Amino acid sequence: MQVNEYKPKIVAFCCNWCSYAGADLAGSNRLAYPAEVKVIRVPCSCRVNPMFILRAFQRGADGVIICGCHPGDCHYTSGNYYTRRRMALLFSMLDYLGIEKERTRVEWVSAAEGAKFAATMNDFVQTVTALGENKRLEDLRCKK
Amino acid sequence: MQRIGVFVCWCGSNIAGTVDVAKVAEALKSEPGVVLSTNYQYMCSQAGQEMIKEAVKEHKLTGLVICSCSPRMHEATFRKTAAAAGINPYMVEIANIREQCSWIHKDMEEGTEKAIVLGRTAIAKVNLNAPLTPGESPVTKRALVIGGGIAGIQTALDIADAGFYVDIVEKKPTIGGKMAQLDKTFPTLDCAACILTPKMVDVAQHERIRIFSYSEVESVKGFVGNFDVTIRKKARYVKEDVCTGCGLCTEKCPQKKVPNEFNLGMDNRRAIYIPFAQAVPKVATIDADYCTMLKTGKCGVCSKVCTAKAIDYTQKDEFIEEKYGAIVAATGFNPISMDKFDEFAYSQSKDVITSLEFERLMNAAGPTAGKLLRPSDGVHPHKIVFVQCVGSRCASCAEKGKEYCSKICCMYTAKHAMLTRDKYPDTDVTVFYIDVRTPGKQFDEFYRRAVEEYGVHYIKGMVGKVSPEGNKLIVQGSDLIANKQLKIEADLVVLAAAIEPDKSARPLATMLTASMDTNDFFTEAHPKLRPVESPTAGIFLSGACQGPKDIPETVSQAGAAAAKVIGLLAKDKLTGNPCVAHSDEMMCNGCSSCEKVCPYGAITYSDKEFRGPNRTTLIRRVASVNEAICQGCGCCTVACPSGAMDLKGFASKQIMAEVDAICK
Amino acid sequence: MQKVTREMLIEKASALLAEGKVDRVLGWKNGEFSYDVTPFVFTDVESMKKDFVFGDFAFANFSKYLIKETKKSENKVLVFLKPCDTYSFNQLLTEHRFNREKVYAVGIPCDGMVDVSKIKEIVGDGIISVESGDLIKVETLYDGVKEIAKKDVLAERCVNCKSKKHVAYDELMGEEGEILDSNRFDEVAKLEAMTADERYAFWQNELSRCIRCNACRDVCPACTCEKCVFGNPNSGVENKAASNSFEEKMFHIIRAFHVAGRCTDCGECSRVCPQNIPLHLLNRKFIKDINAFYGDYQAGEEVGSRAPLTNYTKEDLEPSEAVNKEEN
Amino acid sequence: MENSKQNLCNEIVRRSGVNPRKCMKCGKCSGTCPAYDEMEYHPHQFVYMVETGDIEPLLNSKSIYRCLTCFACVDRCPRGVEPAKLVEAVRLAVVREQGKNHLKADDIPELLDEELPQQAIVSALRKYSK
Amino acid sequence: MRKISLSNLDKLFALISEKAKLYLPVDGKNGIASFKLWEEGVQMSQALNTTRSAKDFFFPQTENLMEFKTEGKNIEIIDTRTEKEDFVIFGVRACDVKSFEILDRVFLSEPVDSYYASRREKGVIISLACGRPAETCFCKTFGIDPASPEGDITAWKTATDLYLKANTEKGEKLLASLDGITEACGEEAVEEQKKEISAIMDKLPLKDLTTDKFGVGKTKEYFNSPAWDELSSHCLGCGTCTFVCPTCQCYDVKDFNTGNGVKRFRCWDSCMYSDFTLMAHGNSRLSQKERFRQRFMHKLVYYPDNNNGMFSCVGCGRCLAKCPISMNIVKVMKTLGGKEND
């Protein structure tokens, strides 16, 4: 096997109404961010179950980011408020278990913030790349 | 197992420029379930769509993956294509290889690799897709309008004219609202009564409109197309269908000292009253707070004089239950209380009045029969000062004023100034303003006429203090342009009080599960594109309950709300979004977590019988989702610990399959 | 204050059975040794006199049993609840898990349960008898009778008892206690003060012992799902065995998350763990965070209260603030 | 020079805690000011001039000593700008700028008497000496 | 018989370790003793027994059986067997040693479980007599003598020395290889210890528990006993008893899709779980009572039925110590067996 430059795997959950549109806008404006980021479209950030996040780590993701509408702007009025609570507690728990807190993130990106989406992804990929491979929540069975 | 067709779009060079589409199509061929994988220049074109349809037939496809632009762009297009080809439209998934791939990557290898992963992810999802059919619910072809002001009246008339039944619930004894209290209307100076009362009569006579006056909404249940509403008809102690509105009782009633709210307390009425001459319904009402008979059991004058025998002291509140397909909130506004603005001496001097009080003073049916006389001594004022923005644009004192601009004050103040100068040329009129805001047709022209033709003095500045001295009011204010502080001896001061939503709106919003902003104005579904709809399906907004509005704007919004209601009622059935939550009753333990996070109240519980082990039956409390109300956010799915709640189209397993495909 | 004794409880049960207020009693039954007490449904006073026990080993929190028990008969069941049990009782009522009308709850005081493994640490194996008291008399095969101060062998959860106050009952025996200022978050704080690497090492060691017997889940009064996601082959996350270190973490993180804001901190999970994993430290972390982030909240204190995870305010802290708070 | 003036202006804004950008220029402060006619520059002008950085005239004007600090403007301002605090801050800037010790510690014993609260002297010392 | 001074135990362990991996009971955190790989510095536990049984050595909780890899539409099957090394387990108690025989009858009868078989083949068992049985011990009920455990080699530990005696060919071979550091000796000390243990056995609280009422042909007698309702009524349905049990041998075979292939593994299952033996039509034992009954009937009736009267319980007492609600096989035997057993 040839030695490649380390490229992390990043899963980005984006809400359909703001962040996914923000990602589209980043595309329309040709604002580049690393190809390691792959977006999963969900109706609202509140659809993201903590289990999905752990699942991503199990399957080999090195970072998971959840993007939703800014608090107060949720298409469903309150979804992202719940996301905020759930993720605050989950992330705090992961940190408590000694799992690098930089691997998970929540960002609010509106449909108009294409530039913010790209900048966020650039920054997140950089942070996760610096951390290196996810070892603490890996499932060895899923390694190639 | 699905039979999936993968279609990779070039989008001209938009995708093909940085993604090797042929390679993507080739790579996706060996993914599970894929029986066909191909590419084409413009998948969304007529030819592209035809290609898909033929492929569906030829390969007996059950699912489609289109690798193309954002689903926000063409998901609907390809779903229609799928439907036309005879497969369920929800068996289509889009891999966004343009906005989220080709457009952001420059390197062909990198772009191609990512496009393959995105395609694979979509395939993984489609493998778990199930055909979805939108739910249907019937529509009750009757609308409820809450509030009988000009907004409610116009909405009701428009809906009724389109052939649907409408009920108006008005909490006061008559419809008409604030407009009935106005004298003239800007910018044309028509008499408000002349244009409003014919509409009130139209409403009263309309065969498809019912008016529940002196009534309030008690409870609202159900959902779009199927609301169950209870209306409380308050006891007015007069039989509505018997009273002829002759008014004799209102002249004979011995209780004469009741402040007349229609004239804002500037004169008195009797305990039994008809608010004003053109009231609809023109029926007397007994004010239970003041009626001697109701309070002490001794009097009965009205009953004696009533030839129609309409008086009924034993009347009780009545509850009416009705079904509606749509509900329009038209609860209107009120001027805010001036009590807290000590600097303007409103509570110290009778000659400091609000603009609405001024309307009544100018009105021929008002307390002064249309003569402009000072409330304190009945003398004609020669020097009037108008103060604008009292309580509006007031950021520092939430308990006193409002942060927003009340929008209508600039124009009515110009109207008042102009009318005063027109009727009483001997009267000197000064207006203190911060800004004069006149963005409306003929509005600025109107304001300029007040200045140029009628000689109203507009002073850029704000009044700091009003102090009564003798029979004068000393108005101290700044003239910012002259850089002077003015002290004006005025006979009358008129305050343009900020307006706020009616107090009944907040509890109503709770009943309707309609959202409100911090100022208690109803929130619109979209500030630009859906301005007359509430985010809660089936709830519409008309008039100032949504935000400050003048009459022309209110009437046009009322018409727009009516159009939306008509659009809804014209349907026999409502088709929902099929991507809604679904509760697996076998798994649900009835804990109510999901119900608590549902923003729409779409989840209800019921006790159901289940088969237990060994031929026993168990009764369990389980959740069910009303598909007509659910909007598909999925919040409940995470609140549910057992996973009984899932979201169709975005099921946990589907999302996990996507995660797996990405991380592979 | 008169101490509430076994005899008093039997008398109470006997009176209620005689009155017909209840037709059965959920209580603790004597076992082979002094400490292996089993939950049991008594239907007559005779069997209670013979087998009913109450004392240092009456651990079982009966709240969860009420879900099944109340469905068995139209009549009321008498249940004895220690202060901490009453929190679970209320939490289950909040979640509509049983019919309150079918229960007659008698609140009984508790001065702490005794952990037999702590006794064994002192006296070793071969315990023949244990006699209650502030000084516990333990007789063993090998060393005769030894006296141990009760406070030295209190169960972990009782050392940090959060409340001696009953938050639910139909009738209270003995005097009402108070909500205590416990040090129950000290251990969590100690872990928080460690470096991430140390925390990881700590939990790796603890959780790797898990054998996925599910005792923690099955005893937990908050885990009342009809079918647990981890036991449901259709859920996509089912796992039967602790096949590797990921699945152990997944199970325990998600379980703690599912009961977050609903866990009353009754401590049963840690008590029943055959591998002695301090599982309560996971739940307490959530409780501590919830208190810090969203204001003090005690699950089960009040029936019908809105759990922190089914609630929000517009000013809640951001997830990034939640993890960076702990940095000193 | 420009820079130091801007610095002083920022310092005044910081010290007063007033954000002059909140002003919507309605003039109510000046409309309400009882010392208006005594002042060369009026409350709304203070706010405007600090906002635009034109503070030189204010520093040299007697107006800063004419303000009664009655806080009428603070109370009535619809936007919560608090002009009086700004006037106070400008006044303080002048006091400090001049480098004069308006009150020295040595002067204090003479000032002490039964009636005057000691706290007033301490706060005066803080304000009027460097 | 050979002996070695306790002060030289580390030398003994080091020597064995040179030949094969050596596992012995080690005290862990929180009072949990478990079998660990011996390395320089590892101290042997003084605890009577490990929390989990020794069955893991031959029948691990999870075990990869094979792997499938897909490339395009082709499937490749990969052998992932790992049971290839010799190993020695030291310090297995009489009850656990006996449990291997019970497992053998399941896994080594036709069709032979080759994974289990090769582990059995590679493993050498050095058992250790129990000096201080606990109150929960009732191995004697099943005819097990804790003073003379079986195994390839039997060990006795006195205050000063460790005595070793080979019982099998495998054991003799290993013992012979240790001759350099052990010395030949008489059996007096061991006989003395046997007597002491026997005396203690007569004082244990469960000494009178018998299997007289159970065994071959008792299915009809107990299957519909009303006592099951009461016994099982508070069972939580957790798997603690089955997972700490040395003789529970049920397992499930599952596939794990890694995304790049499928790993087929087996893992312990528990008859207490509601999805135990879940089939396409549903579940054969729907209530917890049925599942509970299954476990104890299997230990006390079904297994003896199929194995010439051999019970599948060894009286190790783990379930007595670990059941969250303190329900256990002793209570079941006493309740079903009636007065004589009380």
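Residue numbering begins at 1 within each chain, and the chains themselves are lettered A, B, C, D and E in the order written.
We take it that a residue touches a chain if its C-beta (ideal position, glycine included) is under 8 Å from a C-beta of that chain, and two chains touch if they have at least 3 such contacts.
All values reported here derive from a predicted model rather than from experimental measurement.
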Requested in this report: Return the chains common to the contact lists of subunit D and subunit E.
Outcome: B
Requested in this report: Moving only from a chain to one it touches, give the least number of moves from subunit B to subunit D.
Outcome: 1
**Report entry** Most distant chain from subunit A by Cα centroid
**Finding:** D
Query raised in the report: Does B-C or A-B have the larger number of C-beta pairs in contact?
Result: A-B
Query raised in the report: Using C-alpha centroids, which chain lies at the maximum separation from subunit C?
Result: D
**Report entry** Chain nearest the overall C-alpha centroid of the shown protein atoms
**Finding:** A
Query raised in the report: How many Å are there between the centre of subunit C and the centre of subunit E, using C-alpha atoms for each centre?
Result: 30
Report task. Determine the centre-to-centre distance between subunit A and subunit C, using the mean Cα coordinates as centres, and give it in whole Å. Result -> 37
Query raised in the report: Using mean CA coordinates as chain centres, what's the subunit A-subunit E distance in Å?
Result: 46
**Report entry** Whole-Å separation of chain centres (CA-atom averages), subunit C against subunit D
**Finding:** 64
Report summary line: Each of the following residues of subunit A touches two or more other chains, namely 50-51, 55, 59-60, 78, 82, 86, 141-142
**Report entry** subunit D residues counted as touching two or more neighbouring chains
**Finding:** none
Query - Residues of subunit B engaged with two or more neighbouring chains - result: 597, 639, 652, 656, 660, 663-664
Report task. Determine which chains touch and list them pairwise. Result -> A-B, A-C, A-E, B-C, B-D, B-E, C-E
Requested in this report: Write out the stretch or stretches of subunit E touching subunit A in their complex.
Outcome: 256, 258-260, 263
Report task. Spell out the residues on subunit A that touch subunit E in their complex, using ranges where they run on. Result -> 59-60, 141-142, 144
Report task. Spell out the part of subunit E that touches subunit B in their complex, as residue ranges. Result -> 72-73, 257, 259-260, 286-287, 290
Report summary line: Seen from subunit B, its contact residues with subunit D in the complex are 343, 389, 393-397, 401, 432, 434, 460-465, 476-480, 483, 485
Report task. Mind listing the subunit B positions that touch subunit C in their complex? Result -> 586-593, 596-597, 605, 618, 620-621, 639, 641-644, 652-653, 656
